[in-house]
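Going in written order, the chains are labelled A, B, C, D and E, and every chain counts its residues from 1.
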Amino acid sequence: MINSPFVRKPASVQQVMLQVLLALVPGIAAYVWFFGAGILVQIALASAAALAGEAAMLAIRGKPKALFLGDLSAIVTAWLIALTFPPIVPWWLTVTATLLAIVVVKQLYGGLGQNPFNPAMAAFCLMIVAYPALMSQWPAAGQLDFSSQLQLIFGGARQVDAITGATPLDALRTALRAATNPDSQLHGLRASQLMDGPAYGMLGGKGGEWVALGFLLGGLWLLQRRIITWHIPGAFCLALAASAGLLWAIRPEGFASPVFHLASGGAMLGAFFILTDPVSGATTLRGKLLFAAGAGVLTFVIRAFGAYPDGVAFATLLMNLCVPLIDMNTQAPVFGHKKD
Amino acid sequence: MSQSTILGLSTRTAGAMMAFTAAFTALMAFTYEATHAQIAASANEEKMKLITEVLAANAYDNSLLDDYVQLGPTRELGLDHGGRVYRARKAGAPVGLLLEATAPDGYSGDIDLIVAILPDGTVNGVRVVSHRETPGLGDYIDPKKDKDKKSPWIGQFSGLNPATLPLDAWKVKKDGGQINSHAGATISPRAVTNAVARAARYAAANRDRLFGAATGASL
Amino acid sequence: MDLRAYRDIAWNGWWKQNPGVVQILGMCPTLAITTSIVNAVSLGLATVLVMAMSNLASSLLRNFIPYEIRIPVFILIIAALTTVVDLAMNAYLHSLYLVLGIFIPLIVTNCIVLARIEAFAAKNEPLASTLDGAAMGLGATMVLTVLGAMRELIGNGTLFSGIEMVIPGAHEIQVFGGDYPGFLTFILPPGAFFALGCLIAGRNWLEARRQARARSNPPAPQAPSAPEPTSAEPA
Amino acid sequence: MLTALLVMTAVALVLGALLGYASLKFKVEGDPLVEKIDAILPQTQCGQCGFPGCRPYATAIASGEADINQCPPGGEEGIRKLADLLGREFKSLSEEHGVEKPKSVAVIDENTCIGCTLCIQACPVDAIVGAAKQLHTVVAGECTGCELCVAPCPVDCIAMEPIVDTLDTWKWRYPVIQIKQAA
Amino acid sequence: MLRKLFKFHGGVKPQTNKTESTTQPIAQVPLPDRLVIPLHQAVGGHPRPLVAPGDKVFKGQRIGGADGSLSSAVHASTSGIVHDVVPALMPHTSGLTTLSVIIEPDGEDRWGELDKVNYRRTPPDELRDFLRDAGVVGLGGAVFPSYAKLKPGKEGRLKTLVINGAECEPFITCDDLLMRERAADMLKGIVAMRHMLQAEEVLIGIEDNKPEAVAAVQAAIAASGQSGIEAVAIPTRYPAGGAKQLIRVLTGIEVPHGRRSTDFGVQCFNVGTAYSIYEALELGRPLISRVVTVAGNVDRPRNYEVLIGTPMDHVVRQSGARPDSDRYIMGGPMMGVRLPAFGVPVVKATNCILVGSPALFPPPPPEMPCIRCGECAKACPADLAPFEMYWFSRSKNFGKAQEYHLFDCIECGCCSFVCPSHIPLVDYFRFSKSEIWARERDKEASDAARDRFEFKNFRQEREKQEKAEKLAAKAAATREKVAAEGQAGTTSAAAETPDVAAKPAAPSAEDTKRALIAAAMEKARQQKAQVAPKNTEQLSTETQADIAAIEARRAAAATPPTPDA
C-alpha cells in the first residue's frame, strides 16, 4: 500500500548517472583529439564488460535486470575505468578490471549503493599493483596513430619501449629523484628545468592539461546542474594545491608546482567525478570537506613519496575507508538542537 | 582448599610455575643443543647457494667463506657501512673475487648485489641479494622474479669486461648503453647496471690489493 | 568417549569452528604466508604439530596446573614446543625456514593455539585433546592451503612452486602455461584479504544452504527409534 | 645454558607468586549475566519454562541448567536475543514447553465467578483484584497473559482473550520492498 | 516596514494545484442521511459518550464529554435521533474502528441552547474549560485541544502569537478561502486568543502564493484598528506551514523536538482554529463544522462548509468524483492520510478530501537502492540525515535510528518526494517510530510485571514470616500457660516447639507454585487434547489424505528400515 507522500519529483538514479556521463564528454573529446581514438575503443570495451558482468551478477542474485542495468551506474564505472587506465593497455586488462570492479567491488558487496569503495578506483589499484608495467605505459600526445593503438590493444607482443614512457607525473618524479643523485647528469637541476622536455606541455603534460580542462568543464556543469556540490572538488583541489605548494615553496628544486599537480594525472577527474561518487564518499557537508581534503593531501603524498605513478586512486580508496568514521562524527545538528 | 590464604596460594603458584618453567626450559635447551650444529651447517649451505650461481663450485677449491677481506665504507661499491670481498682460489691461484656491492639509487632504495669478477676483470655473474623494488615492475632484476627464466635480465652482465668494452656501453639502452631493460621500468635496471659497472672498475683497479691482503684483513 | 564424540571433535575443527574462516583467528600468518601452497602447507603443518603436542601436554598436565597460573603455563608449553619446531625446521628445512621466517616463532602468539588449550585441553582427556588440537590445526591448514592455492594459481599461474625446498628434485606445475601474465595483486598482501574474504563468504554460503536444507527437510531422523544415519553431516 | 634455566626459573617464581596473590586480591563477585538474561525474558512469570518465574529461569540459563528455548511468550525473537547474548546457536522453541501465542489477557466472566480467590493466589503479578466471596476482576493493564489463573478456577470462568489493536497500539508495517515485483 | 524573515533548511516546491478550488466561494453541503461522529477526534483521552441510542439531540449538543487532563468534547452536528453508539470505521490508515455516535438527522437542523461567554471578564481557567467543552481543537491537522495551548508561559505573557495561514500543502485551499471570506471574524478569534495568551505581537504567516488572502486579512486588520497584529507574506515553500517551520520563518526561533514553544515565547495556531474560537466565544457555537477542500480527481474542485460526521463520499458527490477515482486521501498529497474506505466521516482533522486516481497519483516507480546522494538531507526541513535513518530503520536497528534523531522527523514527506531512488523513506520512519513505541510499551509492561512479581514474592515471604512469628507467640503463650500450671519443662525443649509446629503449617512458597504450574500445564494439555480432534472434523478430503500420508511416513520412520523401504 502506498502512503504519503503521493507525489514525487521526477528524479531518478538513471537521470543522475546520465548527466554524469554527459559531463564526461568534453574531457573525452579532448582526450581523443590529443591522444587518438584508442580511448573510445577502451570505453566501448569497458562498457560492454560492465554490462555483461552486471547482468550476470543480477541474474545470479535474482534481481530485476532491466531495472538495474538501466540505472547506468555500471556504465559510469566503466567509463571511469577506461579514462583512468592508459589508453593502450591490452583489451583483456580493461575487461578484467571492469569485471572485477562490477562483480567483486560492487555486486559482491550488495550492488548499487552498497559498495564501500569506488569500484573504478578499486579496479585501478588492483590493476596497477598486478600489472605495474602495463599500467605505466602512456603514449605521449600524438605519438601513436589509431591503427598502432588498436594493435597495442588487441595485439599480442608489446615491443613499445621506444615509443611509450611514463606519465609526466611519473617522469618528473623520477627526474627529481635523479637530480638528487650527485652521479646523475640531471644533478642539481630544478623542477622547472626538468619539465622543459617536449612531453610536459604548458602545465601538466602536453595534451594532458587540455583533457583535464575538459573534465573541469564537465565538472562545473555538474555543479551547475546540482548533481554535485562544490565541497568535494573545492576541498580536494585546495588541499592538493596547498600541500604541493607548501613543499614546493620550501624546496622548489625537489618538488613540482601545485599547478602541475592540479593539471596532471587524474586530479580533475578525481575531483569532479570520482571523489564525488555519493555511494562511497562522505555525505555530510563537513564530512565532504574533510573527506576531499584528506584525499587531496594523500594524493600529493603518494605522488611525491609513493611507489606508484599517480595517487588519486589510492587516496580515494584510503578515504573511502574513513567515510563511516567521518560521517558519524560530522553529523550536523538537527532542527532546534543548534547552538547559536 | 584449606590453604587459601594469600601467602599459601602465592607459594603454591610460585612453586608450580617454577617447576613447569624448569621442565620446559630444559626441553628447549636440549633441542637447541641437538640442532645447533646442523643449523650452522644449513646456514652456510644457503649462503653458498647464491655464490654458486655466480661462480661455479668446481672453479675453486679453497674454503671461500673463510677467505675474505673486510672493506670499510667504499663509495665505489656503494657500501656506506663496509662489506666483504671473498676470494676464490684454485690450488692457491686466484680464480675470482666475490664483491658485495650496493646500488643506492633503486626505485625504492638500496639494492644489494653480489658480483663475481674473474682475475682478468671479466664479470662472471651478478645476483641481487636483497631489494625493495616495485613487485612486477622493477623486480625483474632478481632472476627469481624475472618472467624470462631462460635468459634472465641479469644474465646480460656475464662476460662483460671493462677492459674490452668501452665505459659508455655499461649503461641501459635508454641512457645510450647496450644493456636492455623493460619498457616503463628502467630505474631499477639502471641502478643495477651502474652499480655493476662501478664494481667492475673497482675490481680492476684493486685486484692485486684484494687478492694480496691477508685473510680477514681490513682494507 | 565414543567414536561419535571423536568425529564431532574433528568436524568441529574442520568445519563448524574452523579457526580460519569461522573464528577468524590467527590471521597474521594466514594472510602473510599464503603466497604459495608450499608455504601455506608447511606453516599449517607446523601449527598442527604445535597444537597437537601442546594440547596433549596441557591435557596431561591439566590436573597439576593451578587455576591461577594456567595461562602462563599454557603459554610456556606452547612457547617451548614452538621453539622445538622452530629449531628443527631451521636445522633440517633451512631454505623453507628462511621463507617462513618470523611466522614459525609467531605460532606462539597464534591465539587459536591458546584458545584450544583453554577451551578444550584444559577440560578433556589427552586423546580427545590431541585430536582436537590436530583437527583445529588441520582446519587452519585447510584454509591456509586453499588460500595458498588460490593466490598462487591466480597470482602466478603455478602450483607447488618452491616444492624443491621440501622435496628436493620436485618441480612446480605451470597450470596456465608460461604465457600467463599473472595477477600480482593476489600474491601481494591485498590478495590475501580478497581470497580470505571469498573463502569466508563461500563457507557461509555453503553453511546457509546446508541449514536451509536441514530446515526444509522435516527433522524426522531425530526420532530415537529411527537409526538411519541420514542425519550425518554432509562432507 | 644453565644461566638461561636459572633466569627463567627465577622469573617464573616471581610471576607465579604475583599471580597467586593477584587472583585472591582482585576477586570479582556477583553475576551480572543473570540480570542481562532476565532483561530479555518477557516477564510474564508464566512458568511454562518449568521454573517459578522469569528470574529463576534466567538464573538457570546462566548456570547452564536450562536451555534457551523454553520460553514460549518470548518467542523466536527472545530465543534469538538470548542466543546472541550467550553466544550460542539459535534453536527453535522447545515443544514440550508450549507454543508461541498472540498476546492475550485473562478475562473473568463476572456471571460465573464465585469469588473463591484461588485465581488471586495464582496470579504471579497481583493483577487480579477482589476478596473472598466477592466478584474478581482482572486489571487488564497489569495482566501478563500467563494463564496461571485459568487452571485453579473451580468454575472455569476465566478465559484468555487476545489483545486487539487500538489506535495506540497499531503499528505501521514494514514497507514492502518492491524491487522484486518490478522484474 | 518590511519584516525580516528567516529561512528554514530544506523544503521542496511541489506543484501547488490550488487555483481550481479557489475560483468558487465556500459552499454548504446538504444534510446527509446519517452522520457518524467519532468520539475520539482530538489528541488526548477518549471522550465518554453522553447519549444513548434513541436519544434526541439538538444541533451543538454535547454528545461526548472530555475525559482526562487532555481531552476535548464532541457535539452533535445537527439535530436528530441517536441511532446508535457503536465502533465505526475511522478516517485513519489503520482501518481501525472507534466508538462513534451515529445520528439520523431530523432535517430541522435546530440549535440547542447556546451560551456565549465574555472572554474579557471570565477567569482564564474557566475560559479554557469552556473551550474544552466547546470542542475547539487545532484545525491545521494536528487536532491538539486548543485550550491546552492557550496558556501563557511562566511569565504570564507571551512574546509572539503566530497564526498559521501558510497552508503549504498542494491542493488544499480551505484556509485560503476562510481568510478571504471570513477574515474579520477570524480576526476576532485571534484577538481573543491574544487576550488569553497576553501576547505582545501577533504574526499571521501566509504564503505569498495567496495574495487575495493576504489582502483580505490586512484589510480586516486595518478595519479592526488593532495594533501589533501583522499579516506577513512568506515565501512559498513546502513545508512552510509546519508549525516549527513557520515559527522559524517569522521569528527565527527553532523549537526543538520535545520542547514547548511557549518556553521560547511563541505559540502557533491555525487560522481555522482562530475562526472556531470566534464562533465558540462570540456566538457560543461549539465546533460542529469546518471548511473542507475537495480536490483532486473531481470535476469541480471546491471548498465546502461540512458538518463533522458527514460521510466523505457524500461531500465528494457535490464536486463530482470522476469514475476512475480509486481512493480518498485526507489532507494533502505530501502528508495526507490514505483512507480505508470512501464512507468514512469528515472529522475535525479533515482539511481536505483529496480524491485520488491511478493517473493523478501514480504508484511510485520501484524502490531502488539508496545511493547516498544526500538529496533527502538537502530537502529535510528538520536538518536530519534521512538516508542514515533509512539505513537503520530498514535493518531494524532502532537504537541507531534514534541516535540520528528519528523522533525529530515531522513526516513532511520532503525526503520521499525528492529521492531519486524512489524509496518510501517516510514509511520507514513511521514504521520505526511505531516499532520503538511498541517496544517501549513492552519494556514498561515487563518492568512493571517484574516489579509486581518481585513484590508478590516479597509479600508472600513476609506473610510466611508473620505467620511463623504468630505461631511462635502462640506457642510461647501455651508454654507460659503450662509453666504457670506448675508443670516442669526445660526451656530448651519448649523453645523448639514453635519450629516443629510451624513447619507443616507453611509449606514453601516454591512448592505451592510448582504445584500450581504443574496443574496449569496439565490443564492446558488437556485443553489441547480436547481441541485437536475438533479441528479434524471439518477437514477437506485432501487435507485428510495429507494427514494420512504424514501419519504413514511417521510410522515408517519409527520402525527400522526394511530392505524395500
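In this section, a residue touches a chain if its C-beta (ideal position, glycine included) is under 8 Å from a C-beta of that chain, and two chains touch if they have at least 3 such contacts.
In this text, all values refer to a predicted model and were calculated from it rather than measured experimentally.
Peer 1: Under the touch criterion given at the top, what is the topological distance in steps from chain A to chain C?
Peer 2: Minimum step count, chain A to chain C: 1.
Peer 1: Going chain by chain, each one touching the next, work out the least steps from chain B to chain C.
Peer 2: Between chain B and chain C, the shortest chain-hopping route counts 1.
Peer 1: Which pairing of chains gives the most C-beta pairs in contact?
Peer 2: A-E
Peer 1: How far is the middle of chain D from the middle of chain E, if each middle is the mean of its Cα atoms, in Å?
Peer 2: Between these chains, centre-to-centre, one finds 32 Å.
Peer 1: Cα centroid separation between chain B and chain E, in whole Å?
Peer 2: Taking the mean C-alpha position of each chain, the two centres sit 83 Å apart.
Peer 1: Could you tell me the distance, in whole angstrom, between the mean C-alpha positions of chain A and chain D?
Peer 2: Between these chains, centre-to-centre, one finds 56 Å.
Peer 1: Where the CA atoms of chain C average out and where those of chain D average out, how many Å apart are those spots?
Peer 2: That pair's centroid distance is 39 Å.
Peer 1: At least two other chains touched by the same residue of chain D: list those residues.
Peer 2: Where chain D meets two or more other chains at a single residue, that happens at 12, 15-16, 19-20, 23, 179, 182.
Peer 1: Can you list the residues of chain B that touch 2 or more other chains?
Peer 2: Touching at least two other chains: 9, 12-13, 16-17, 20-21, 25, 32, 135-136.
Peer 1: What residues in chain E touch two or more of the other chains?
Peer 2: 365-366, 368, 424, 427, 430
Peer 1: Given the complex with chain C, which residues does chain A contribute to the contact?
Peer 2: 104, 108, 126-127, 129-132
Peer 1: Mind listing the chain A positions that touch chain E in their complex?
Peer 2: Going by the criterion above, the answer is residues 1-9, 11-13, 15-16, 64, 67-68, 71, 73, 110-114, 278-279, 281, 283-284, 327, 331-338.
Peer 1: Where on chain C is chain A touching in the complex?
Peer 2: 181-186, 188, 190, 194, 201
Peer 1: Quick one: which bits of chain C touch chain D in the complex? Just the residue numbers, please.
Peer 2: Per the stated touch rule, the residues are 66-69, 72, 76.
Peer 1: Could you please specify the touching residues of chain D with respect to chain B in the complex?
Peer 2: On the chain D side, the touching residues are 1, 4-5, 8-9, 11-21, 23-25.
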